[in-house]
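Some notes on the structure that comes next.
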Amino acid sequence: MNKERYNIRMAGIGGQGVVTASHILSNGMVIMGGESTLVPFFGSEKRLAPVESYVRIANGKIYEIGEIIYPNLIMIFHPQVITHGKSYTMPFYSGLKPNGVVLINSETPIHLVADEERELMERNAKVYYLPATQLSREIADTDLATNMAMVGAVSAIMGIPDLPSLEQSVKERFLGKGFVVSGGTAALDNVIERKFAKKEQLLKKNMEVIVAAYNFAVEHGWAKVKEKVQV
Amino acid sequence: MSMDNLKISPALEKYMTKEYRDLVERGPYGKQKKVSEMGTFKEIIEEHPMCAGCAMTLFIRLTMIGLPNPEHTILVGTAGCGRLALSQTSIPFIYGNYGDTNAVASGLKRGLEMRFPEQPKDVVVMAGDGGLADIGFSTVLHSWFRKEKFTTIMLDNEVYGNTGGQESGMTQRGAILKMAPKGKKYEKMDMLGLAKTANVPYIVRMTVTNPTRVASVVRKAVLIAREIGPTFIQAYTSCNIEYAIPTPKVIDDAKSLEAERYGFQEFISDEAKAFLESIEPKKAKATKSTEA
Amino acid sequence: MSEGAGVEVKSTSAGAGVVKDSETSEAAGQKVVTPEYMFFEAPRERAFITGSEAAKEAIRRANVDVAISYPITPQSETMQQVGALWAEGYVKEYYRGEEEIGVMSAIAGSSRAGARSLTATAGPGLMRGMEVVASWPGGRMPIVLLIMCRVINAPLSIQPDNAELAYLINTGNIVFHAENQQDFFDYTLKAFIISERPEVTLPVAVAVDGFFVTHARGYVMMPSKDIKLPPRDPYHEAVPVMDNENPPARLSRDAPIQKSNFISYHVHASWQQEVWAAVERSRKYIDMYMGGLVEIVNPDADTIVIASGSAVSQSREAVRQAEEDLGERIGLIKVRSLRPFPTKELREACKNAKRIIVPEFNCVGWLYRDVAAALYGHSKAEIIPGPRVFGGISLPTEMILQYIFPDKKFIF
């Protein structure tokens, strides 16, 4: 297997599950047999405050630590990260490596100023708009699975971690033991759990959202794989 | 165990100094000495580099007689005049950093309690008004709030004596000293009131005028600290240099301050009183509670 | 001084403060093993845990008597978990102190009492407690201090930056700098044993760069939690403990030097020379237990990167990319021990080097100064200060590559 190695920067706003998404992606890579490191970066745990998280995933050894300054993939969980500057990293694509990918949760393309368009073009950046919150609402009847849609699309775009590993990771996240979570995140988990009444139901809905986003990426030709999958 | 450690190995006896042999044979270890017996036993402190006529030295000397178990006592001090004498005592003395006494004592006492659950080890902090009320204020108050089981004795000379006469938090309002050239603008800190607020079970204000009482108060404070919680003695130990008190008048000064504003006060909690009565029924009865 | 996010561990068992019988008996059932067995022979299992959890697991196995805590980001994670260990019976005494001067002093008290003592701090907390920390070596106190490095200078932030070590390495404390979660586990455990050796009897600080290691997960190979190190033996150390069980009775261990005179100068000089000699004597145990003061990769390379802590991880990746993508072999020296400093090891390893690069996570370049001083007159290599990052940002691999290959372009 060739060396596959991605540095991912995730930006969103507090309460969207950005850090949770990074844990799921990171742990999914480990479950798949690779390595991953993860650094959450949040000034203080405030709802609607900017949140960033950094994940390295690879099928080989990872040495580096710390936040990712030059990412291959940038995930924007909320349009306001770009439109309102709710971000620790401005502009949102700063440091993007040549030929890198920007995955933005938005139903429609976001208007960028001319300089931004030019700089993205100079880097040969691929900018993908995924209606992650919309998918979450349609399938799970909640906004809170937005993060699931985002990781589902990444699995398709990057090829790692694969869907079975992601599924296992989601299972461990909600049913497993000893996860490092913040107090705020634990409270949100409870909200989600109440909403779905049963954890099994929660897992199923999460996986449906993940698969829908995965297929969305395949349909739009962002993915390395060409085949859509069934839940 | 400590008593055994003190004893001189027979083979080494002839090499030991007279000083040390006196300590073992005629020291206060393992027996409670009285102030009235001074001169008949080897005291824990004899030499010191303090100024002639210093009231603080007398107070420290009396304190050492009051210690119920000097062979199991560790002293903790900090920068200031007092440590010059304390480091000359024949019991372990810890001289740490500025204002750290009550924190060091907290860790020390807990460590000793953990290592010696059957043998009480007494920890006694002795430091100046600057060391305890100014730079060490935080560690003093927190040790009280945490109910740390050791005694804090403030040698209150109302001035930074060791550094050459600067105003301290315990200086009287109006006193003209270095760093207060126009006279101190604020009141003397009410450490006794703060000790009460922190529910310290035994609080005493005193001077050196009654030597027997000094030893008796120290003894009670150490015993209560062992079982009940933190104890606090605030003692006026004048600085005859910075306050220009003629050496022969040092005790007169203490007497007049006692009459004016530094009278003997003893506060003892019901729990502490009951404890004292349980170990020394007669003595405790004589204790007069004169809470202000 | 505790701002910012605290990430808490959601435990499957009851939280801190609730002692379950099963947990108590689990702690009581720990078997004492030799340090050698603990470090080298005991079977280990792999865990994927944060640096804070790695520290906790080391402390669980370290037979700690007294631990005193004070919260500060990013250290709080560790010491609150040590509190949980106390609740479970793995640590005998524990409390939350008033602030760092109080904590560093109290831990000095418990060490003097003969108890195996631990605390941890970060950045501003270390600076606040520094007056006390700097006095520990002179007091010959075995203590383990964990340091989760963070910004100390203004504008203040909670992010990792290790400028705080600049003075610490000149205090007589032994100082290790852990690269990752595994190091943090191993160095912490080994620090207790090295600290308490009779010919050492010194505090050992184990520093790690905050967040990058403390809040990130990594693989850690750990022996079973059923075993623990032997307890501290305070009667086999360089100075008597203050427990009144040591003759003679007059024992002012922390002798204040009364006044300035020639005797006091002599006392101070000989005492500090002995402290630094004891620092040097710890080498034997660092070699024995930690595999040496340095780790060397590609020793024959013309260009060598010398780094400690998280900068080593970044350099490893730069070295890998240089070899795999650019076909160039670059040397790497990881400095595990900042004090004692690996002077002779560096002189030997760098004798044929042409260029030396010293990447650091601070603005003062304390490692560069030490490297330059050690190699002066012993190497013809050009010693390049940097690259350096300030304020706690990670050091991108691209920056290191740019210093290694000045003629190529890595950063846009």
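Note that the chains take the letters A, B and C in the order they are written out, and that residue 1 is the start of every chain.
Criterion: a residue touches a chain if its C-beta (ideal position, glycine included) is under 8 Å from a C-beta of that chain, and two chains touch if they have at least 3 such contacts.
Just so it is clear, the structure is predicted and the values come from calculations on it, not from any experiment.
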Inquiry  = So, comparing each chain's Cα centre against the centre of all protein Cα atoms, which one is closest?
reply    = C
Remark   = Most remote chain w.r.t. Chain A, using mean C-alpha positions, is B
Ask   = In whole angstrom, how far does the Cα centroid of chain A sit from the Cα centroid of chain B?
value = 64
Request  = Mind checking the centre-to-centre distance between chain A and chain C? Centres are C-alpha means, answer in whole Å.
outcome  = 35
Ask   = Using mean CA coordinates as chain centres, what's the chain B-chain C distance in Å?
value = 39
Ask   = By residue number and range, which residues of chain B touch two or more other chains?
value = none
Ask   = Inside the complex, what are the residues of chain B that reach chain C?
value = 1-2, 5-6, 20, 23, 27, 29, 49, 71-74, 76, 83-84, 87, 89-100, 103-112, 114-116, 121, 138-139, 142, 146
Ask   = Given the complex with chain B, which residues does chain C contribute to the contact?
value = 65-66, 68, 92-93, 95, 97-99, 101-115, 117, 131-132, 135, 139, 242-256, 258
Remark   = Interface with chain C, chain A side, in the complex: residues 3, 26, 30, 37-45, 62-70, 177-183, 186
Key: List of chain C residues in touch with chain A within their complex   = 3-12, 48, 50, 53, 158, 160, 180, 209, 211-213, 215-218, 310, 313-314, 316-317, 320, 324, 393-398, 411
